[in-house]
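One chain, chain A, appears in both complexes that follow, with chain B as partner in the first and chain C in the second.
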Partner chain A sequence: MSDLLQQIVAGLEAGSYYALIGLAIVVVMKSTDVPNFAQAEMGLMAAYMCWWLADGDEIGWPFWLAILVGFAFAAVFGALVQFFLIRPLTGLSNQPLAILAAISLGYALIDLFQDNGLPFFIDWIPGLGGGYPLGVSLVLAILSVPLVYIFMKKFVKKMDNVDHFPLLLLTIGLTFALGSLIEIFFGNQPQKFNTPWSGNIFNIGDTRIGYDQVVSIGMGLAIAIGLAIFFRSKWGVRMRAIAEDGTTARLLGINAGVISLLAWAIGGLVAGAAMTLKGGSTVLELGSAEGLILKGFIAAVLGGFVSLPGTFIGGMVVGVAEAVAGGQISTSLQPTMALLIVVIVLFLYPDGLTREAKLREV
Partner chain B sequence: MALLEKRNLERYRTLASVKTNSSGFPLYPPKASGIKGQRRLITSTGIFVILAFLPWLPILGWFTIFNPATNYGLGNIAYVFAYAAAGVGFNLLIGYSGTLGLAHAGIFALGAYGTAILSAPQECLDYDTCETIIRPAVAGYGWPFLVALPVVCIVAALIGALVGFPAARLKGFYLAIATLALGELIVKLISLDAKLWSGLKTNSGTGKQVPIFELFGSGQLKSAYFISLASLIITFVAYVIYTENRLGRTLKAVRDIEIATGPLGISGTYYKLVAFGLSSFAAAFAGAAWAQNSAFVNPTSFRTRLLVFLLVVLILGGLGKLWGPLIGAFVFVYLRQEFQDQQKLLFFLIGVALMLAILLLPEGFASLPDRMRDSRWVQDLRRRFKSAKVSS
Partner chain C sequence: MPGLEKGVGGTIKIGTSQPFTGRAAVAGEALLGGLQMAVDEINAAGGIDGCDFILAWEDDRYEIEQMVTNVRKLIDVDKVWGFVGTAGSQAIPSTYPAIEGAGTPLWGPISPANQDIKEIYLTNPTRTEQGKICIDYFVSQGAETIAVIGQDNEMGVEALAAAKAQESVHGYEIVAEEEIEVLSDVVAPAVLAVIESGADGVLTALDNAQNGLVLSGFHEAGYNPLVCSDAGSAGAGGINTVSLTEPEAADGYLGALQVALPDTDSEFVNNWRAGWEAYDGPGKDGAPNFSLQTYSIIQAFFVLWDRLDGNYTYENFHAVAETLVDDPILIPSIPPIACGPLPGGHQCASGAGVAVYSSATESWTQVKAFEQPAS
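Showing the complex of A and B:
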């Protein structure tokens, strides 16, 4: 019996991470209609940031300051991704992307011109051979910046009504890029992120429950309730209006750019909270995002990609089902449980579980 | 108007090959006759003849990565063919029928594992009489490879059609999630405990040596090369034949106007399932060829990452384009080998390449000639050229 309770608590903890990632996906999906596959990786970036700021060997700030700055970073990072990458694909301006591409390519070119880092198929072009002094390569790189800008401005089409598939692929590309950026900046070793409450345990009967688990479950619930309240506020209603009918909402004077920026910031914040909690409870590692994002999507599917309570409960159910099936039936069943649940649910209710979801399809 | 239609009708009727419906109307316009109509098939055949003799041709020698004179280069070209074959199958499903089935990593694993297990020598307890040094844990059923390959591919096609069943009810994104989960499920089932699958003996997910099939005693790499090439040719020919005929047009119609094809009596589900089956066949074949080349299979190499690789191959090359997957596979394998020692940089580059491809070239490298031809600058040049000719 105490085994079962222990498994349920562990399942609720895992479920709260799934639910939070799922909620982040749903918030982004609700307002910009982008299936964000990179959500967990963005959260992981923020979690690593928190660890880096708080860890004694690195910066060594006080815990709460590090958390505050790390979460702010998560929100800003989410907004930046929307600003630079998602804008041209949702019918907004492509100028930020062009500027970013020009500057980053120019920066990379300084290196390439200075030492012969070019691949063989262009190094025979005169002027691209490499091995120039810093001044010359700086000038060459600066000269190339406007060219790249004009190129990007001309060839990145502003696209409206892009279907989900290219957006999904774009975020998959972002996942890969972010994963290697995290590896470059923070190394590939698993890191222990110490929280003030980590390691403390209390007992209910024979069941040993960690404060980590309580904090994770509580934070998950609090964020879910907070999001539900937010979507009833003025900004939340605007966000829902943009998602429901973008053109009409924009005609009514709602600024779609700002709204989707806000949604991405909130998504980044929620995902950052999820990954930080997970890092505090277990360890921070590179592979953890890959497993979480699929479960997050499963939770979002269970909520029909619109319903916040549906997503939250879906994530919790998946987590508990995994832990209980793994503990009571067979350990080999644990990783397949979530996949089985989503397949069965999609077979039985292809339109989603909630009434809201059905309305959206119509 | 009526006269014109009647005349056209007469013309269609005289062409014996055109199928007509009961009231005499042609079901689809006739194909251009002679060489013109078969141009795609002829160019493909020509290019494949060149590819088949690649190991003995001195070209590509200046590519270290694709130098066919070395084992390294030959293996890389074989990888290109295997990825391209899987990509062609994927293209039929995603590019042509517009169905977001993402179970391909699982089917690819099925091909690799299935052939390896079926063709591995049977377990032998008396080690002295065994010719091979394969551990008992990886023993299999001792089928000849050339028997195991078609069996595995056909079984994979059936499983692929089964995986495609959600396509009947789900749309777009939900279908992607469902098939992604099913594909992961296949990989998970493969890597399950040996206890559960005592017949398969997958060595509980720690990886497995692939029994090498040698084609006419030509060595492992050469035979892997030819198996990969065969997989590419077969999937290519199947792709060309199917997309140029009734099936291809119906798939396109189902993709574009499913609302209209239903009332016409075309079962969208049936055609989607056919597309799933065909593309799974290609993926399993490619997986078998890939396993022959790498000589070692491990369940972890077929996770979501492989699916992303296949998507990169498809998107960089060009969705819905015949030559897209081959171009994409060349680019992908080149990148992978060039940055082999810097895994971080490799994944960064793959990610950035995928993003740039979506933003800049949504139709892939294979669409570049078309885009150039349609660009304003080229059309302007052409017009000037024409007018200069006329005036002189």
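Showing the complex of A and C:
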């Protein structure tokens, strides 16, 4: 009996990570109607930020300050992704993307002009070959910024008819880009992220429970309840309205840009919390997000991509089922449990586990 | 065909594909560094029989598709004479058709086991053999029950094969066979199952992070079996695994050795250590224990090159390499390289050692010399 209890606790812990990533996916779905494949990777970025700020060999800030700043980063980063990358593909202005591209390219050109002079196709012009001093490079780069901006504004059209496919591709591309960025900024070695509760355990009967398990499960539950309350608020209702029918919602005066920005910030924050909790309980490594995003999507599928309780319960069910099947039957069965559950649930409840999920189709 | 005509020397380009970025970069960087350092040294010493060497390398991120692309590029574009030290047991078999098609020799620390391909020479003991050595050590310490935790891939298959092979030799009982998904941090079900089994010895075939989590899980439960992993999985001689768990949990952790520990006090290893400290080329940031591995392998390649007596055709390379069984190449940091003819002869090295980690001294100590597995 204690073995079963032990497995259930372990499953609830893993399930809380699945549930939180699933919730982040659903929050973004509710506002932008796009499945964000980069959600776990965005969370991993924030988790690495928390580790980097808190680790004694890095910045070494007090743990809670690092968490606070890291979580704020998670939310701001989510908002920035929406502002610069998602907006043009959701019928909103492409101006931020054009500005970002122009400034980024300008920055890169400073190095290019310094190291290599002008690109090969124009460096044949007498006097233009070879590198330039910083001042000259800076002027050339600044001069190029407006040209890039105009180019981007003209040729990167905002999409008036929102199509999910480019958005989907964008989030997949973002996953790879973020993976590389994490490696560049934080290195490629797995990192142990020590928390105040790391390694501490207590017993209930013969069952050992780690404080990190309690924190993960508790935080998962708290965030799920918090999100459920939020979606009953004025802003939450607006968010759902945008997802259901963006055009009508806008005609009713709802600012789709702000709502979408808010949703991506919340999604980033929730994913950041998930990956930070997981990193504290296990380790932080480049592959962490890869392993989790699929389970997050499975949780979201079980919630019909709409229902927060359904997603939370779905994530927990998957986690517990994996752990119990692994412990009671065979660990060989563990990887297939999640997919097995999806198949069964979709057969029995095609719209997801809960009533809320069905309402979307009405 | 990049093979050289008889008697033609000059500059010899050798290739390698390593994971310089991505999750296996800490090993890949050092594997490259060991090769580059040895190439720099041999060139500075005047080369071999009028030949100097260039190392052409590509990053595969530990991804199968990228490794295949790299190998094709190194063959077709860079025209490498052969490959040395290429690592990545999950991906290397995918490159065999390209290597076989071009006839380009590959000299490397490859697992899984020999597939009897003319061009492939395996210079280190396989994971299966390392697993057997771990289990022999368990038995020597009185273990009567064994558990295996492996990834759900070739690594896990090799570990289980080792446990089953030695079962008939030693007569112990395998009490748990557990799997963990690749890249998964969910190790609890496997850990709980092994704790329940009460195994005396646990052989793991996982990545460094998963091993760290398994050690933590055992420690938190107050369960202290002998735990041993293959060299790469344990990061034996380095901190790849032991830094990812609490110091007390890593205390007594065992790792198989394919190559001597980096702090071994021998002339060969001392020279390597001095060279590595001075080395400032690509791969310098990697884990030193992996650097010694490729450094040793390429030294064996250089000895073989010297034995070619100026005839650098592939035909002569194979002819000379397949006679090493009669006159093995002896590099002090690795088991003798004794390749023979096919079938089976291209598994050139056999035998492994075992090292134990001490959290008190934060160092590894060899507790079992390089030996053949019990049979």
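For the reader, a short list of remarks on this structure follows.
Here is the rule we go by: the second predicted complex is superposed on the first by the 327 of 362 C-alpha atoms of A that agree within 3 Å, B and C clash if a C-alpha of one lies under 4 Å from a C-alpha of the other, contacts with A are read in each partner's own complex, and residues count from 1 in each chain.
The criterion applied here is as follows: contacts are C-beta pairs under 8 Å (C-beta built on N, C-alpha and C of every residue); 3 or more make two chains touch, one makes a residue touch a chain.
The structure presented is a predicted model; accordingly, all values stated were derived computationally and were not measured.
On the shared subunit chain A, the superposed partners chain B and chain C overlap sterically.
Once the two complexes are overlaid on the shared chain, A:E322 sits against chain C while remaining clear of chain B.
In the superposition on chain A, no contact is made by A:G218 with either chain B or chain C. Of the two partner chains placed by the overlay, only chain C lies in contact with A:Q7; chain B stays clear of it.
Of the two partner chains placed by the overlay, chain B and chain C both lie in contact with A:E290.
Ranked by how many residues of chain A each touches, chain B and chain C are led by B.
Legend: residue contacts after superposition of the two complexes on their common chain; A:S332 is shown touching both chain B and chain C.
Looking at the shared chain after the overlay, A:L168 reaches chain B, while chain C stays out of its contact range. Contacts of A:P146 after superposition on the shared chain: neither chain B nor chain C is touched.
With both structures placed on the common chain, the touch criterion links A:E183 to chain B and to chain C. Of the two partner chains, chain C is the only one that A:R208 touches; chain B does not reach it. Looking at chain A, you'll find residues 180, 183, 290, 332, 335 touch chain B in one structure and chain C in the other. Listing the residues of chain C that touch chain A in their complex gives 21-23, 25-26, 152, 178-181, 183-186, 188-190, 192-193, 196, 208-209, 212-213, 216, 220-221, 240, 243-246. Within the complex, the chain A residues that touch chain C are 3, 6-7, 10-11, 13-14, 180, 183, 188-190, 192, 199, 201, 208, 210, 278, 282-283, 285-288, 290-291, 322-323, 325-327, 330-332, 334-335.
Contact residues of chain A toward chain B in the complex are 35, 85, 88-89, 97, 119, 152, 155-157, 163-166, 168-170, 172-181, 183-184, 290, 294, 297-298, 301, 305, 332, 335-336, 338-340, 342-343, 346-347, 350, 352.
Residue ranges of chain B in contact with chain A, taken from their complex: 94, 100, 166, 169-170, 172-174, 176-178, 180-182, 184-185, 188-189, 192-193, 196, 303-304, 308, 311, 315, 338, 343-348, 350-355, 357-360, 362.
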